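Right, I'll just put the structure down here and ask away after.
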Amino acid sequence: MFESPGISYATLWPVLLVLAVACAGVVVEAFAPRAARFNTQVSLALAGLVAALAGTVAVGAGSALGASTGEGALVIDGPGVFSQGLVLLVSLGGVALFAERRLDNGVSAFAGQAAALPGTSAERTASQRGLEHTEVYPLMMFAVGGMMLFCISGDLLMLFVALEVLSLPLYLLTGLARRRRLLSQEAALKYFLLGAFSSGIFLYGLALVYGFAGSMSLADIGEVAAEEGSGPLLLLGIGLMAVGLLFKTGAVPFHSWTPDVYQGAPTPVTAWMSAATKIAAFAAMLRLFYVAFGAEGDIWRPAIGVVAVLTMLLGASFAIVQTDVKRMLGYSAVAHTGFLLTGLLGVQTDAFGSTQAVLFYLTAYGFATLGAFAIVSLVRGPNGEVGSLDRWAGLGRTNPWVAATFAVFLLSMAGLPLTAGFIGKWGVFAAALGAGQWPVVVVAIGSSIIAIFFYVRVIMLMFFTDPRDDAATVSTPSYATTVVISLSALATVLLGVIPGPVLSLLVDAGGFIG
Amino acid sequence: MSFVILAAVTVIAALGLLFARKPVHAALSLAVVMIGLAMIYATLEAPFLFAVQIVVYTGAILMLFLFVIMLVGVDTSDTLKETIAGQKVLATLLGVGLGATLIAGVGQASIATMRGLSSANEGGNVQRLADLLFSRYVIAFEATSALLITAAIGAMVLAHRERIDPKQSQTDLAQKRVADYAKSGKHLGPLPPPGTFARHNSNDTPALLPDGSQSTRSVPAILAGGRTDEGEDA
Amino acid sequence: MTDNTTAYVILSAILFTIGTIGVLTRRNAIVVFMCVELMLNAANLALVAFSRMHGNLDGQVTAFFVMVVAAAEVVVGLAIIMTIFRTRNTASVDEPRMLKW
Amino acid sequence: MVNPVEAGGVFSLIWLVIALPLAGAALILIGRPLAPALFDRVGHWLAVVLAGGSFVLSLALFIAALGRDEESRQVVQHLYTWFDTGDLSVGFDLLYDQLSGLFLLLITGVGTLIHVYSVGYMAHDERRTRFFGYLNLFLAAMLMLVLAENYVGLFLGWEGVGLASYLLIGFWQHKPSAAAAAKKAFVMNRVGDMGLSLAIALSFVTFGSTSFSAIDISDTTTTTLNWLGILLLVGACGKSAQVPLQGWLLDAMEGPTPVSALIHAATMVTAGVYLIVRSSAIFDAAEAASTAVVVVALVTIIWGAALSCVKDDIKKVLAGSTMSQIGYMMLAAGLGGPGYAFAIFHLLTHGFFKANMFLGAGSLMHGMNDDVNLKHYGALSRAMPVTFLTFAMGYLAIIGFPGFAGFWSKDKILEVAFAESWLVGIIALLAAGVTAFYMTRLMMLAFFGRKRWPEGVHPHESPRIMTGPLVVLAALSVLGGVFTLGGWLEHWLEPVTAIGHAEHHGPLPVWATSVLAVLVVAIGVAAAGFVFGRRSATTEPTPYLHVPHIEDVVVPPGMALTRGALATDKYAVDGVMSGGPIALAAIAGELRKAQTGYVRSYALSVLGGTVLVALALIVVS
Amino acid sequence: MTLLVLVPFAGALITAVMPARPKLWAFGFAIATLVVGLVTMFTAPDTDLVWMEPLGVHWALEMDGFGKLMVLLTVALVPITMVAAVKDHDKRWYAWALALEAFALLTFLAADLFVFYIAFEATLIPAYFMIGQHGGPHRAKAALKFLMFQLGGGLVLLGALIGFFVVSSDAGSPSYLISDLAQLDIGTTAQRWIFVAMFIAFAVKAPLFPVHTWLADTTEQATTPTSVLLVCVLDKIGTFGMIRLCLGLVPEASAWATPVVVVLALISIVYGAVLAIGQDDLLRLIGLTSLSHFGLITLGIFAATREGLVGAILYMVNHGVATAAMFLIAGFLITRKGTASISSMRGLEKATPVLAGTFLVAGLATAGLPGLSQFVSEIMVLISAFDYHWLVGVVAVTAIVLAAIYVLWAYQRIFTGPAQLSRRPVHDLDRREVGVLVPLLVALLFFGFVPGPLISAAQPVVAPLVDVIQAGE
């Protein structure tokens, strides 16, 4: 009766490695002396991610591409592997940001004693002793592992489990800020409750889809749907599952956690999470919608289109009125979700189709947001990071290079040519327009105009406004953050100037398969 | 028939979740729902789930809930009065709307009658589940381990308070006190109680020492300096 | 004993609805979270019912996984709720609202 | 009809006629800031010499033309292609023909005299050198105007004289009135130029070219020709100060008096007449346009005469008179046929006597410390005898005293006017009487009667350098009539105006017209003598009814329009353009309140979205 | 040809980092660009390299007659403005100016629509910083407004860009080469949408009514060298695009839209001039005159006759020179008076005759005085407008009166009247300033009488366009 499953470890080992590193991290946490933990954890995480990245590249270049493994639970296809690689890349940056200890007098951005009450002497002592939670590294590695699984999940159950694996550590990491812990804890609570709520909805949708198809496998669902046509069960299932994923990506009206969590979470977490979660969620969403629900495209496109329109418009509009830079970037993340959803409305083609468009957009956005939040973490006052945009005024005069780099990220998010964001925006719009979704594209262009306003306003503030008396200053970071910022900026510009190789890579990677 | 009874029980118990003022009552009604569901699982040819539902869900998870409720304060009770304008009405409307949509959708769908699990369960429900679990779903199964480890770390990080310094014994404290006195002349005895010989007996009024001077040490640090401020440096 | 899946699914839909309404209307974080658990349970019921309808065990396996996931989620969730409670002395979800607008 | 031959011989120097004064202008205007001392010493003489050279050359050309047979008197010199877009080709071509030959003589001749006069008149102005630069620039532009072989080239000169006129009217820029007058002149000229521009466009659209030689009415509808004529008339009205675009001319008297003589009497203002005569081929075939010219001319004749009767400023009296006289020219041109030649004839004689009188007026002002108010004059005939005598020659010429230049030219115009119709004839005749009236008034107030000089004024005769040109011009005023001897002028211009000696038979015999004219003039003189001959001592300004000019009617609403446009731009257009973001921000500012911070509200929106998506899917399917 | 773009770009980078004498370096690079530009004009072959293969994007550059004129204008104006800017601009401005030059040149050279778009948008960044870093007290706001309008227009253009991609992909393999796009058979509806998108973008750029409101604010706040580069070079990209892309790629839709465009152009002509008349701020005034002039250029373009198009192209060059002179003179004036408010100036002719003279010449050039270069183009445009419809000609021709009013009234208010008593003596132009203006004024005069070279450059570009359009009608 029992047949041992055919698991292709040759294609799967990067994921497993990441999870193994996470477990190893836990072991380190238990047995290594306190003083050694930081260095061990960081090097372990970095080494694991680099190895996994190399493995992913090898898998991507290898012949195994296009196979499914674990009896169809995981699908190793081009887009999946690409997004895995992307997750790993931004996670490398994330680890570097996590490990930044120069900014805040030799301690990281994470709480010294999460269990100590905010404002008590215990908390202060913990800070003074330079305590920190090195558990964040294993937590992060678990999340990365979850994301990588999410990217290549071939059945609904895997999808659900991966979703939880990536979510739980995020809830925890959100609540671990060293400064402004009340905000951080509030963000964690909100993120958790809403996340649990939406994953409940997702799960119910999953159940309905299973009820319709009688199978968990995405490919089977696609076949059944193509054969039998859509029924209410499937449609409701699509709707509820979409909610779960739209929530993760922060689409309106499921976005309300985004600004709060982006603001409350420790900035390194925000930086990494905003990039990595979006990549993983969209990779999963593309696969789900193209492979399992591809036959229902004409039905879900209008609904997703409406969501995309709402997301772009509201995300951009709300960002205009923000005064806190992290919150503003949070709303901007919402707007970007809208643009990505616009790309989702396209169709898969063997040339430059919506898969390529969305993945390129994610690449561009990932680097930009990682870099932007990294810079946010540098801009500080006497009591830690300064979020208030007013106090950013004049940064371009006092710190031209930092401000200029921030401007590059903002311009990329705004989609100006010669930055990666432009090609990304071009791609998703082209994908949608190619599928005849011109009304959404028209709105997208309109919202881009709105969005530009707040990006440019920040640039104006930094370069053309006189600094206030209590203006923020830029702390000198360690190499870790510097490298992350520099490489992100470099990638942002390079992908804007010579996007050809990446585009070709994406076209060669082909579409999602069942 | 058994289904109708069980359904009625579970729905009523579930409603208890909405209307119980005390969290404990809510937890107990959730327990009823879960046990009810467990019984339904049994009727649905899922004996393994029946057991797990009772053992794990009701026995472990729900107990965790109760445990935390006890911790948080078993006596607290919610008023059911809504503080956010329109929340209750909208929530009910939308919730019922969603429910109606679901029910209508499910009802409309020509759901086939049960095929039954007799063939799938051949050789025992648990065995067949195990087959699936360790073949097709083995990776997911492994992944859940990550989930559980995460949960464990999470609980540790958020709840466990690590001792920063080795615990000091009575001897250590006494020796330190004497050493301090030798070095800086710090007072050996206990702190003067606040308000002693002072005009007011409030805690933030410094005590007067025998020589008539004020003893700043008599005011608790928290009152003298105040708590560190939360939020941005304003 | 009915052989009609619809009844089970409708029951699960009702429970799911009650769960969602509970999330939206209850203020005690723990109760809110219990309502989420109710939603998961509702989904489980549907899964098990569908499993029987289709004559395969995938639904049951999934339900089992959901329980595991729920267990992990509960641990994390309750830990977070505890943290909030310790700093603010309240378990109300309405209380922490420094982050807004 | 223009049908020229290629330039050769002395005619290959046509360009030099323009180039000489142009070079003068360039040298002076650029050189003066670089080498002030040198140019202040010799600049004005340089200008005089170059203007004189131009005159000599013009004379040589005229003699050469006289020596040629009739067919080859029209000469074109192709300098280079100005611009050529394939369809639209405009050459930088100069045309010397009978018409432009006469103009050349007038412009360079009178121009040179006025240059000489100015040497004296401007002797004490610190910016004299620049004045001469402008004068040379004017000459060059005016010569370009009359030598151009196509409408675009003409337009170049046309605008060039406008520019020079602007610079010269506003020469004394420190006077706000002068600056305003200069601007007004240019702008009103430009209103006319709109007509001319459109005429250029229409001629290109109609004839496929802007060249005079391309004018071919055979394939063209009368409507088009009428429109073309009317557009040209609009242009002419602007430049020649015809009603309704006459308002600038009187203000232009703010400029130095030699300018008034040269530009606003003898040459530039007659460009409109030149334009119409040059376009005679069009007007001959455009009945309605010709009628329009006649109507405009008659109104202007009366209007100008009326102005002259009431103005106390001697220059304004003369300016009004100029308007009126140009009206006569326009009248003749509008009547067509031999009228073209008579228009040119009157133009020439008017050029002489009016320049004479303006310079005379300048001489008077010179003696009177730049006072222009006639009421402050009186009994100057003895104080300034030369000026008086030369002025008198001009006076007799303008009122048409038999034998003087003006008699011959005005007489011819009255002839064709009567030939056209009784009404036209009588209006023209009566206006001649009015002319006599106001000119006599001027004479009486200035030279006779009591001294009404303000205190401290000691009139004296002007220096030789100023009176010299006066004498020459006075002589021409007397002798200008020679052109018409034996119908020479009509014959000479025949190839240009393309008319035969069509006999014109009016209701009156020719001699009767002359007699009538003399009679009416005599009445005018007598009336003026009667009114102003007494030893009136008043220095009160003459009262008159102010009739709003077109600019008075247009400018206030125009400024209101501008203000309205500004407000519209700021609030409506920019309000919509820039207000959008503001409104959006306001809306977003309100909507963001939906982000209440209550996690349950967030959950509510999630649920709302769920219902939305679910329903949308159901509905779409 | 790539070199022509790279030289100023490298110059920008070097200027930005050069510690010593950065302005001199910048000027050197501007001159080098001028030289390279002139050499390239006669020798360089077209460039065509594959850039982004999946998108069909080529790094393709070519220079036709139209491009040559625009390149000439750009490479000539940049060094001139640099000399004018030397006193009150720091090295950042110089670096940005070179960057602006590089991107502007790229738009004029682009033979690939994608490259054109990238350069089109990229110009905005330097422009934004140039406005925002030097100028009036409200420059940040003006810069923001400028950028918002321009980027808005640019995003609309992005719509057209994507439209082309979709059409081109449907027709086979995607290509953005303009020559390939011109061969495409685009459906009527798609063509019209694409046209509308492109036209909006170019109308914002150029600018035309009613999307012109950024112009006056920008010119008011920016320094005059910045305004020169913005209005005289950058805005030309708008009209350049109208000819190259609207007429060139979607001629049928252009013909379809002509009535509306003509009306907008007419409104711009009259409205811009009327607004200019009412301005008290000299810089706003000059900015708004450009609105009027861009109306005329657009009119010439869409009248789509041979002389109209040639006239429009010439107008772009001549307007560039004349308005540059106007701005720079205004700048010199403002540095002397410390204000741009006309009402606070009076009688300056006395103290600064040369300045007054140059103002008058440049002003009259913008007013289309014959003999100065702008006249030739203006008369061509007017003729073609009249040819299009007599009423259009009649409305357009009012420009010559209105222009006379705004130029001369400004002159009257600033330079005439009794001289102002001022504590600070006002000096006439110094040598540097004269040196800046002389080339411009000579060009105005020279091309006024000898526009032949310009026309012969423009003609071959225009001929095929007119043929296509007339064949379509």
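As written, the chains take the letters A, B, C, D and E, and residue 1 is the first residue of each chain.
In this text, a residue touches a chain if its C-beta (ideal position, glycine included) is under 8 Å from a C-beta of that chain, and two chains touch if they have at least 3 such contacts.
Fair warning: this is a prediction, and the values are worked out from it, not measured in the lab.
Undergrad: Enter the minimum step count from chain D to chain E; a value of 1 means the two chains touch.
TA: Tracing touching chains, the least step count from chain D to chain E comes to 1.
Undergrad: Following contacts chain by chain, what is the lowest number of steps it takes to reach chain E starting at chain B?
TA: Step count on the best path from chain B to chain E: 2.
Undergrad: By number of C-beta pairs in contact, which two chains lead?
TA: Answer by contact count: the chains B-C.
Undergrad: Please identify the chain with the largest separation between its CA centroid and the CA centroid of chain E.
TA: Of all the other chains, the one whose centre lies farthest from chain E is B.
Undergrad: So, comparing C-alpha centroids, which chain is the farthest one from chain A?
TA: When every chain centre is compared against chain A, the largest gap points to D.
Undergrad: Of the chains shown, whose Cα mean is nearest the mean of all protein Cα atoms?
TA: Here the chain at the core of the arrangement is E.
Undergrad: Report, in whole Å, the distance between the mean C-alpha point of chain A and the mean C-alpha point of chain E.
TA: 43
Undergrad: Roughly how far is chain A from chain C, centre to centre by C-alpha average, rounded to an integer in Å?
TA: Distance between chain centres: 26 Å.
Undergrad: Please tell me the distance, in whole Å, between the geometric centres of chain A and chain D computed from their C-alpha atoms.
TA: 77
Undergrad: Measuring from the mean C-alpha position of chain B to the mean C-alpha position of chain C, what distance in angstrom results?
TA: Each chain's C-alpha centroid was found; their separation is 14 Å.
Undergrad: Hey, what residues on chain E touch two or more of the other chains?
TA: 148 - these are the residues of chain E that touch more than one other chain.
Undergrad: Would you pick out the residues of chain A that each touch at least 2 other chains?
TA: Within chain A, the residues that touch at least two other chains are 114-115, 118, 157, 161, 164, 168, 171-172, 175, 181-183, 189-190, 193, 197, 201, 208, 211, 232, 235-236, 259-260, 453.
Undergrad: Any chance you could list the residues of chain B touching two or more other chains?
TA: In chain B, 84, 87, 91, 94-95, 98, 101-102, 105-106, 111, 128, 137, 140, 144, 147, 150-151, 154, 157-159 touch at least two other chains.
Undergrad: Tell me, which pairs of chains are in touch?
TA: A-B, A-C, A-D, A-E, B-C, B-D, C-D, D-E
Undergrad: Can you list the residues on chain D that touch chain B in the complex?
TA: It comes out as residues 596, 598, 600-601, 604, 607-608, 610-611, 614-615, 618.
Undergrad: Would you tell me which residues of chain C are touching chain D in their complex?
TA: Against chain D, the touching part of chain C is residues 20, 23-25, 27, 32, 93-94, 96-101.
Undergrad: Contact residues on chain E for chain A in the complex?
TA: Its residues touching chain A are 50-55, 117-122, 124-125, 128-129, 132-133, 139-140, 143-144, 147-148, 151-152, 155-156, 158-159, 161-163, 165-166, 169, 174, 193.
Undergrad: Can you list the chain B residues touching chain C in their complex?
TA: Going through chain B, the ones touching chain C are 1-3, 7, 10-11, 14-15, 17-18, 20, 23, 26-27, 30, 33-34, 37, 40-41, 43-46, 48-49, 52-53, 56-57, 60-61, 64-65, 68-69, 71-73, 76, 78, 82-84, 87-88, 91-92, 94-96, 98-99, 102-103, 106-107, 111-117, 119-121, 125, 128-129, 132-133, 137, 140-141, 144, 147-148, 150-152, 154-155, 157-159.
Undergrad: For the complex, give me every residue of chain D touching chain A.
TA: 581, 584-585, 587-589, 591-592, 595, 597, 599, 601-603, 605-606, 608-610, 612-614, 616-618, 620-621
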